[in-house]
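First chain written, first letter: the chains are A, B, C, D and E, and each begins at residue 1.
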Amino acid sequence: MNLFSPETIIQISLALPALGIVLVLLTGRFPNLRETCSLAVAALLFLVNCDLASYVFSGGRPSWRAGQLMPGFDVAFTVEPLGMLFALVASGLWVLTTVYAIGYMRGHHEKNQTRFFACFAAAIFAAMAAAYSANLFTLFVMYEIMTISTYPLVTHHGDQNAKGGGRVYLGILLSTSVAFFMFAIAWTWKIADTLTFTQGGILSKAFSEGRVTEFELAILLGLFAFGIGKAALMPFHRWLPAAMVAPTPVSALLHAVAVVKVGVFSVLKVALYIFGLDLIRDTGAGEWLCYVAAATILLASLVAMTKDNLKARLAYSTVSQLAYITLGAAIAMPQSALGSGMHIAMHAVGKITLFFCAGAVYVGAHKTNISQMRGLGRAMPLTFAAFLIAAISIIGLPPGGGSWSKWLLALGAAQSGQTFLIATLMISSLLNIAYLIPIPIQAFMVPPGEKPMPFKEGPMLCVVPLCITAIGSVALFLFADSIYACLLPIVQ
Amino acid sequence: MTLDEIFGLYNYWVVICLMMTGFYIVIARKNLIKTVIGLNVFQTSVVLLYITMGKVTGGTAPIIPPEIAAQHGEHHEHSTAHSTAHSTAHMTADAPHLDHATEHGHEAVTPLTQHADHVHQTASAMADHSTELIYSNPLPSVLMLTAIVVGIATTALALALIVRISEDYGTIEEDEILLIDQRDSSH
Amino acid sequence: MDSFPIIRVVTKLIIPYILLFGFYVQFHGDFGPGGGFQAGVILASALILYGLVFGLPAVKTVAPPKLIEKLIALGVLIYAGTGVVTMLAGKATHTGEHELTSRTVANFLDYGALDHHFLPGFLPHGQHLGIFVVEFGVGITVTAVMTMIFYCFAGRNPHANGQSNQQSEAKA
Amino acid sequence: MIEFLQYHLPVLLIAIPLIAAPLAVLLSNRYIVQSLALAVCWTTFGLAIWMVAIVNQSGPVSYELGGWAPPYGIEYRVDQLNSFVMMFVSGLGAMVLTYSPYSLKAEIPLSQHYLFYPMYLLCMTGLMGMCVTGDLFNVFVFLEISSLSTYALISLGRTRRAPLAAFQYLIMGTIGATFLLIGIGLLYQMTGTLNMADIAEQLEAQRLVNDGQWAGSRTMLVAFAFLTVGLCIKMAVFPLHTWLPNAYAYAPSVVTAFVAATATKVSVYAFIRVVFGIFTPQFAFELLPLDTALWSFSLVGIFLASIAAIFQQDVKRRLAYSSIAQIGYMLLGISMADVDGLSAGIVHMFNHALIKGGLFMVVGCFVLRLGSVQMDDWKGAGRTMPWTSFAWVLGGLGLIGVPVTCGFISKWLLLTSAIHNELYPVAILMLISSLLAVVYVWQIVEVLYFEEPSEKAKHATEVPPLMLLTTYTVVGANIVFGVWTTYSAGLATKAAKALLEGGSL
Amino acid sequence: MFVSIFILTLLVVTAITIARIGDLWAAVMFTGIFSFLGACWMLILDAPDVAFTEAAVGAGVSTFLMLGTLALAGKTEKPTTSSSVVPLFVVAVTGAALIYGTLDMPHFGDPNSPVQTRIEPSFMEKSQSDMHGLPNVVTALLASYRGYDTLGETAVIFTAGIAVILILRRSNDGFKSNDVFNSQSNSRKGSQ
């Protein structure tokens, strides 16, 4: 399929979600038409991205300069493997999330569905643009657009709960990004005179010229790590659980498809292309970040164990899993960075399955708390089977895709010689088992003295996507090798 | 500080004292009319400051004695051509003005050449004459005429507002008005 | 003031002289101290004096508020209009030339453009005519504004305090 | 004809609204006056755009009023900076006037309308006149035209507090103008001329004669201080801001929208002109620690005013305090005294004019339907007035400075300039302070969307399409100029460069 | 010299009296006197036009207007209770700054100050040829050289006039009652 040049495809894949917003708004009065448009756009986007991926993974680096926002600050896009992988995951999961959302929203008779689908498309637009961004400035702009466009999604219910959740969401994300991220970008610009993502980093040259000290580099990295609030590094993780007031498809979007992934993606991008792995390693700038990330992994897992609400538990699980990715960037070994990159995909597919399941249970059985789900597995076998597979993937056991990414992370930690990190990874895997596995197990085991519930799965449109994603996480395990090969150029 | 300086500057200092008295009334007094009075004093003193600048020792008011003026005024009544030429000429600001006007007279209408020369001569004669008199600078006066008018406009507006305020609140003491407002908003 | 015939008579006697003085100041401003603004104040003071002595309605019949309001505007229009006329006239006298430079057009308020050929010796020329006209405009506006301010102040009833208080409270 | 217009363009920008004002009083029919005012405003806007084009093509334009060259007469001097300011002043003037009819009908007695329009035109004339002129005393005269008309316009508010607010503004404003007059007088005393370029030349010449020392520096310092303080009062810089909240809060909505969008910006322009056009940055920032003073006052002002805004229940007052804070950002940019910072200051004038103009227009819409500016009455209006409410969200995002709104552009330029000058604490404080805007904007968003509708909001209906259209044009311009900055940041950068390179003559 | 010192002393005394006096009638009267003394001094300083205007405006119109306002709004000032330390401080600082500023100024009446020498030929000489012998140079300056300022000044007066109408004339369509122009409003009502 060589109808279009890769540059044109970049434009198309940015235009498609934008078109999606317009179409959804225009067809808002006709739900069927609206959702057809939504789906069609999502599917097209995925196809277009697949086409682009074949080009990018074979070594192409298409780029497109959209224009200049200000003198000296371009809005430009260049597709490299990491961004491509993220774009593929996001657009692929958008299709499934759309299908799922249709089922969920209709099953739940939600209001303001047009606004919902429009904002959804806007968030995907921002995700695409962030994935392709050629410089830090563009990335930042898209990062902020995503914050704003997901706010109406988080507060979809429009009640006092939603207001509170929305406050925390917007408050933390905006304040970290403005106070730290933006400052860090401007500072980087002053030090390096450019913001373009470059293989090997742009700061290493400035460092060798003595324009920045080791200490300043460490501070800068910290500003980035905390400034990218979407990466949910403790103590700026509170927005993630707070955003659980949103409908489940939104949670899926937040935790798997777009928001958090943009966060960790940005962290990786900064580590790889702004600092450069060598610089982080050589100056020891990432050392303290390792500790913070490790602490986040463990603490979040511990908190997750205390949560009875399924979505809350999954949210803390996400906080912990995101910290893996940050950890990979902080270790700054090639293997760990690759592991981080792969974990973006693995975690996305695994976690979206878990959220789909949570939503399906809510729509099908109106249950939100884990303690209520005892025995529910008989009634919803598909859902809980998918849950189990996804949980295995998240934990990092074969045959889940997560096993590969965690393996690479551990390898990187071993190479860097920091044994406590390997210990952290192992302990956290155990904790993962402790808070995830009991859920499906208990669901399948009916306590004595109770009648098995009748078979009643959620709506078709909810169950099918979650089955697909569950299969997907197994498939990722099988094809991890090719993903590894595709990502390899980013650390060379 | 020499005596010379004191004698050279005491005028300004007195004017500054006046200005500050006015300024003090404006910012310290709570009665609205008193504030306006203060504003008036303040502005009048600023007028004095400007006028003081324009004065030249031994100068006279910038009004040219009628005989000199009349002498000059006679000529233009005969020469419309001169006037037109002049109107185009005065826009070139750099060139010495009189010469330029005369040149134009030459080019434009030949029969009037003589006349233009005549104008030139009388003008220079007049210039000689006028050096005998020293005039104070008229520009500060002009500026202050404008400033006075602006001042009275402001005063009129302020007083009109005071009339409205006093009708609506029944008082023109700022403290009392603020109290009334507070009472209103607490209701 | 009905009970003070002396004041009424004296006022009637004085007013023409005030007016005369006003006009003198207006038209003699080129030669001595004075000009449109001072003349306007003097002329208005004649009207105000009339109003104070003979009452507001009387002066309003002499100078109806609507008329005064128009005069306020008229004076400014005369002034600004002179500027526009000079612009247009400057162009008209130099239509022969295509290239517009500062030499061939008269700028806004450049009275040099007002040079003319009518009645030389009777109507003043260029600058002089311009000054005359704009001072006239200033005079009209100032007279009208001062009179209008007097009307507005005098038209307020000093005893209406309580009443309007109640109104505003009712509004609030 | 075209040549004629082009030649007279600088003066036409002022003369047209100036002549239209008395003409409106003469015509005195409400409808005719309204159409006249509209036509005049849009014409002026068109001419202003033309002016910008001319200046950017062929450099600064000079126009000698009355044909008298500068030391004798008054000169109009249009360069990149003031043509830009005039463009947005006239543009917002035209936009707000187009928006006004319904709001005016509701807030001002019909019999006063034919006098309202002349006042509005005069206010615009005054503001434009302040921008275009190259003569210091002329600045004072036009400042007074705009001020007096503003006082009158403010006093038209419906509550009895409006005349009081106008009076307080009048006193502060007149003190400011008088300070300005004193400053002008002292400068005149030292240089003997009133033309700005001429003064600058004289000062520089005197400096050169005295081996680089500032001649008569004590007088000039004081002159500079008085000009600064006078303009700061008109700008409502933090400790001198006391007139602004009441004036904005009690004026009619249309007036607030116009004045808030333009008046303080023009004073900022005048300040820039004084600092960079007459005195040199060297004088202002080396001889005097003006930069330190400016940024400390701005930062304190930004924080205190933003915090004050958070506690206002009255939405107009809330926005008024926000305006005080935003002036701080402009001054912050100016205090950097480099191209980035100055252009940030200049472009923020433009952006903030759009943002505040838009937001106050939204407030006007709500006032028309809800009859109140209290947050309690706005509760739940997002349901009955969805379009108006969404306009608030868009404008609010601009005020916060979210990317792709114009507020972001100014914030970013300011940030990079502060970093570039290694003023890290200033940069950090500025960023943190900008988060306060999130609070005071978002509180209203939450009130609109997350509360049960109030009695008034329940029965409200959407405002007339004309108001929505104009409001959205201005609010939409926020977004347009947040993405497409050729004619905002681009022009501002050009202007800043011209000022910094050509200003010190 | 002595006359001017005498007038200046009187001016200062008057100003202080205005500041201290509590009776507003008296304060207004003293303001008139202040303006009048100012006008006298202006006459000494060769500015008859300004003196004339100041006398007409400061001593005439504004006194009259203030008296009119007093008649409408009350005559006595309440003694100020709040502390006057802050205003005094502000005034002292401002005054000190100004006096500091005067130290570098050309002395009073100095014929070589920039004000007198900057413009060459001076207005006095230039206006003779430009204005065909208009004797009063102030008028020539006011209406021609700086005619644009005067247009602005006229606009200010116009603004004030319209503003006063807007503020004080009572409207007749329901917003506020009591029309000032009774006869007029009656006739309008009749026509409606």
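Simple rule for what comes next: a residue touches a chain if its C-beta (ideal position, glycine included) is under 8 Å from a C-beta of that chain, and two chains touch if they have at least 3 such contacts.
Owing to the predicted nature of the structure, the values given are computational and were not obtained by experimental measurement.
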**OP:** Spell out the chains that contact subunit C while also contacting subunit D.
**Re:** B, E
Original post:
When you check each chain against subunit C and subunit E, which touch both of them?
Top reply: B, D
Original post:
Between B-E and A-D, which chain pair is linked by more C-beta pairs in contact?
Top reply: B-E
**OP:** Please identify which chain has its centre, taken as the mean of its CA atoms, farthest from the centre of subunit D.
**Re:** A
Original post:
Using mean CA coordinates as chain centres, what's the subunit B-subunit D distance in Å?
Top reply: 29
Original post:
Taking each chain's centre as the mean position of its Cα atoms, how many Å separate subunit A from subunit B?
Top reply: 72
Original post:
What whole-Å value do you get for the distance between subunit A and subunit C if each is reduced to the mean of its CA atoms?
Top reply: 76
Original post:
Out of subunit E, which residues touch more than one other chain, so two or more?
Top reply: 48-49, 53, 57, 61, 65, 68-69, 72, 98, 102-103, 105, 113, 115-116, 119, 123, 126, 130, 132, 134-136, 138, 142, 144, 146-153, 155-160, 162-165, 167-168, 176
**OP:** Could you tell me which residues belong to subunit B and also touch two or more other chains?
**Re:** 19, 23, 27, 32, 53, 61, 63, 66, 69, 76, 83, 86-87, 90-91, 139-140, 143, 145-146, 149-150, 153-154, 156-157, 159-164, 166-169
**OP:** Using the contact rule from the top, write out all pairs of chains that touch.
**Re:** A-D, B-C, B-D, B-E, C-D, C-E, D-E
Original post:
Along subunit D, where are the residues that touch subunit A in the complex?
Top reply: 397, 400-404, 408-409, 412-413, 415-416, 418-420, 427-428, 431-432, 434-435, 438, 442, 446, 449-450, 483, 485, 489-490, 493
Original post:
How about subunit D: which of its residues touch subunit B in the complex?
Top reply: 64, 67-70, 72, 137, 140-141, 144, 148, 151-152, 155, 160-161, 163-164, 166-167, 170-171, 174-175, 177-178, 181-182, 185, 188-189, 194
Original post:
Where on subunit E does subunit C make contact in their complex?
Top reply: 48-49, 51-53, 56-57, 60-61, 64-65, 68-69, 71-72, 130-132, 134-136, 138-140, 142-144, 147-148, 150-151, 153-155, 157-158, 160-162, 164-165, 167-169, 176-178, 180-181, 183-184
Original post:
If you look only at subunit E, which of its residues touch subunit D in the complex?
Top reply: 97-98, 100-106, 113-119, 123, 126, 144-149, 151-153, 155-156, 158-160, 162-163, 165-167, 171-176
Original post:
Which subunit C residues qualify as touching subunit B in the complex?
Top reply: 31-33, 35, 37, 93, 102-104, 106-107, 110, 112-113, 115-117, 120-121, 125-126, 149, 152-153, 156, 160-162, 164-165, 168, 172
